[in-house]
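Just so it is clear, A, B, C and D label the chains in written order, and each chain counts residues from 1 on its own.
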Amino acid sequence: MTQLTTDARGVFVIAVTPFHPDGRIDMESCDRMVDFYLDAGATGLTVLGMMGEAPKLTVEESRDVVARILKRVANRVPVVVGVSAPGFAQIDALTRMVMDLGAAGVMVAPPGSLRTDDQIVNYYTQVAELIGDVPFVLQDFPLATGVQMSSGVIARIVNDLPSCVCLKHEDWPGLEKISFLRRDGVLNKRISILCGNGGLFLPEEMDRGADGAMTGFAYPEMMVTVVDHYARGEAERGRDLFDAYLPLARFEQQPGMGLAIRKYTLAQRGIIAHDALRKPGAALSEASRREVDQLITRQEQRLKELN
Amino acid sequence: MTQLTTDARGVFVIAVTPFHPDGRIDMESCDRMVDFYLDAGATGLTVLGMMGEAPKLTVEESRDVVARILKRVANRVPVVVGVSAPGFAQIDALTRMVMDLGAAGVMVAPPGSLRTDDQIVNYYTQVAELIGDVPFVLQDFPLATGVQMSSGVIARIVNDLPSCVCLKHEDWPGLEKISFLRRDGVLNKRISILCGNGGLFLPEEMDRGADGAMTGFAYPEMMVTVVDHYARGEAERGRDLFDAYLPLARFEQQPGMGLAIRKYTLAQRGIIAHDALRKPGAALSEASRREVDQLITRQEQRLKELN
Amino acid sequence: MTQLTTDARGVFVIAVTPFHPDGRIDMESCDRMVDFYLDAGATGLTVLGMMGEAPKLTVEESRDVVARILKRVANRVPVVVGVSAPGFAQIDALTRMVMDLGAAGVMVAPPGSLRTDDQIVNYYTQVAELIGDVPFVLQDFPLATGVQMSSGVIARIVNDLPSCVCLKHEDWPGLEKISFLRRDGVLNKRISILCGNGGLFLPEEMDRGADGAMTGFAYPEMMVTVVDHYARGEAERGRDLFDAYLPLARFEQQPGMGLAIRKYTLAQRGIIAHDALRKPGAALSEASRREVDQLITRQEQRLKELN
Amino acid sequence: MTQLTTDARGVFVIAVTPFHPDGRIDMESCDRMVDFYLDAGATGLTVLGMMGEAPKLTVEESRDVVARILKRVANRVPVVVGVSAPGFAQIDALTRMVMDLGAAGVMVAPPGSLRTDDQIVNYYTQVAELIGDVPFVLQDFPLATGVQMSSGVIARIVNDLPSCVCLKHEDWPGLEKISFLRRDGVLNKRISILCGNGGLFLPEEMDRGADGAMTGFAYPEMMVTVVDHYARGEAERGRDLFDAYLPLARFEQQPGMGLAIRKYTLAQRGIIAHDALRKPGAALSEASRREVDQLITRQEQRLKELN
């Protein structure tokens, strides 16, 4: 069974959770989505993240989705599962469940009540004790969690806790954090740094030393392309292609509407059957749909020009 | 089976969840606690509220606790269960589960992301559609939720949704809200208004037209006494007794430490076996324990003087 | 003297406040900046906004900056001045001062404590009473203020208060708000809608019915170009040019670093003499400077391709 | 001229700012208030704090109020002035102004944007550099500022900055913070710890090692009495008297209404002429006024019983 390691790199796509219009989980679309992400070049998947509508699932549904996706992935790439929850009993139960099913590791965001450096470090220390040797991803996403971790706090967590193998870097954009963590002597072990924010700052993040992306965008090809070109030393070409996707990526990063746009786009591409979000969730207006359609058309034209 | 109605009055004690020092739920203490609350004069119980450490329980544990408490209560008083959750699937599943077990109704707090009047009203409209004819308590607790509901918004929810039968009033203290909601013509039906904040403003709340309290304090006798004296027209005597409990009640209302103090006090009184909180949770220092002991001693002296 | 009216359109550039490295205001750069903005096609200026470091100026300095800029503008375009302050006495004093100096109107953001619809409407009603017939811009910028105004609340304010002549639209991006406010029958008067967010959603905003932009970006040419092309019915060409500026615009919109990037870019362009921010303020790392330089180079190349 | 030192103890009353009903500052009431506070046993005064409606004053008004109060105090006790402001230029200007007028020191609250330990320490380091050798009070009031300082952060600030002579302790109640800071070896110098929260936890705070209170309550006699009895080793008697004031103190500590209650009470006592708050500010309902009256009556009865 694949375990998440400090060498994780490439693109871990944050998977959406596909629903039928009546709110049931759409398992067929789950399969199709997995195939699509892997065909697009994903080196890993992350499920039950914030953009996976995890908090809207019952525990049973979470188990079913994770099981279905793991079965379809069939060990081709590592799968990380989000297990953030208000209490340790829930984190513990979720972690055991998904690791038993075959997950490669778990991802933990800080609860919104944490403020001081010590509170944050203590929280992750307790989490690490709780889940034992399960490798975990530290999620640093202040815009969503309200918790601000300094670079020094991240270093303390990474250095103290052997099971912290990866940083999902999603401070906005916090480029200096990457530079700091990559500086000699800051960390006592290498960790994987995978970046978020829908890939909106991926070229700069790669320049600073990131290993890739762990985020969602209806065109994961963009992230794969950028990471690949940087790996091959073709940064300028990577940026040209990045720029072609940027108008849509920017549109998808609208807080409050982003997931609806992403699902609509995935549905337009035929990857999931419906663009339904579970309640409570924003619906996309007809005008917004047309705006997305137009951005897709323009994106395709620009990509053609670049080929 | 008792159903919660718009006539609910008296004291619905917010039950703690007793744990063993190793974190397991202490079911024997649950029984003893139920007996104690009912002997003290509680006219109802509320379980799995914020102070019941609900978010720290797994779904199975929540079911077990609710089942145990309902069995012990044995229909002597109505039991309300907190079902607040980030998604509707979870609220739905929890509601079905606890109503099947024999709960009298559910309590729903607003998710912290709600801001505008319409967002709040829409949320409760969707919740009411979801749970059908299950009576629910609207929890208005801005200090904890971050959501501020104007009196007008509460009136809209109560007037639009027949299954909203009770307001857990916990704005700080929001005495004007009670006065407004009790004004002729504001509501199209009577509702029960039960107040929170550990009873810290209960005399004034009764004066404004509240029906009682729905809150926790290690001496629920205080709330019962105040409500009873107001019911008998002996407000001054009610206030004398209230004042005797106030130094400890004030101490217990310290944010971040309140539940630890409450559990310590309940354990000192022999009602629960241990004062353990589940992680993550604050521990009480030795100094604080002595402070509580001293407050209890002084409280007993003052109550003696008053008898 | 120019008064701000409901017909304001085009691009009101949010002016930065130039400083010397030692923190003194750089008045020569103020002049050069005004000339540059007007040459670039600005139809108005907005000074002492959040990005103008207004809270870091003393009252005397605010007066001096506004006086200098108004003198240089010499009535060629209307100048709006931000007067947001915690208390009405300050708002009143600032408003009188800047209107006496020749400002065209003032801009008012809601204090962060406002939550309910009525609180927001009441606040603006009191502000309008306070400042009399001075035309004002309603600033809707939840990401910065923490205050969420529904479309309905904005409509109430606009309809109730004749002196509310313009909406600085900066909800993120809140395209539906523009559509709603432009719908027949919603408003009892036309208002100007000028959009913010560094122009990051300007094409879509123009499509929805905006009159232009009121925001900052080190290349105000971008906003002017987009607005002009939309006015001429050449939306596609406008979008092509927009896309060329987007990589840098995106980079400049990083919270916490945006103003430092903007000032660095303006200094690189020779418009202001120094990129200094007043304390407390973020400094730009050497790496970030190089990132900006690279983005400027790529932007120039792409603009050349498009000509 | 009196300078604030690390030996400050007793009760520094947070002064309200008295207004006429039309909003003008009521200077005669300022004088009467100063006399009253000093007669009541205040060992210091603090003006232009949050409860002094400082943000609602223009700079000129701030100067006039401070000058009037300092003149009336006439060096009998040290006067601390709140100088918190969004920018350093304002803090600098205010500090110079009030120190020139004869203030004993200044008080600085952290801006709400600070989150990490380093951000907080850096902020105060910069403030201390800015204001030179002016002694300052560190205000730790998370409920109002949103900034949480750990005990360790406070210790770093105190140890690094010689001009930090006093902590206004207003974490809620943060008794453990006092114990920590009084532990041998934590601080490299003694500091004064004066507590806030309207005196609601003053007995416990004195037990933990506080030097007194720096807070407001319409009966400053309460704080003076508690501090004096603790100083004389008569803690039990101090608590008896504290308990007599507690019902009103609790009522005055209602967020959003506290200042209106305090001013109403001061006006009822004849100390200030009017209970007016400046806009925007909450008005006290007729019902609330009667509630305060009743609490005063009961308080007087109880105090009589205790004498």
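What we mean here is this: contacts are C-beta pairs under 8 Å (C-beta built on N, C-alpha and C of every residue); 3 or more make two chains touch, one makes a residue touch a chain.
Everything quoted here is computed from the prediction, not taken from an experiment.
Because subunit B and subunit D share one sequence, their contact can be compared position by position; here over half of the interface residue numbers appear on both sides. Summary of the copy comparison: rotating subunit A onto subunit B for the best CA superposition needs 180 degrees, to the nearest 5.
When each chain is reduced to the average of its Cα atoms, C sits farthest from subunit B.
Centroids built from CA atoms put subunit D at 38 Å from subunit C. With centres taken as mean Cα positions, subunit C sits 33 Å from subunit A. Contact of a single residue of subunit D with at least two other chains is seen at no position. Contact topology of the protein chains: fully connected, every pair of chains touching. Subunit C makes touch with subunit A in their complex at residues 143, 172-173, 175-176, 179, 200-201, 204, 207-208, 239, 242-243, 246-247, 250-251, 254-256, 285, 287-288, 291, 298, 302.
Considering their complex, residues 115-119, 148-150, 152-153 of subunit C touch subunit B. Interface residues of subunit D facing subunit C in the complex, by the touch rule stated above, are 23, 53, 55-59, 61, 85-90, 93, 111-112, 123, 126, 130, 278-280.
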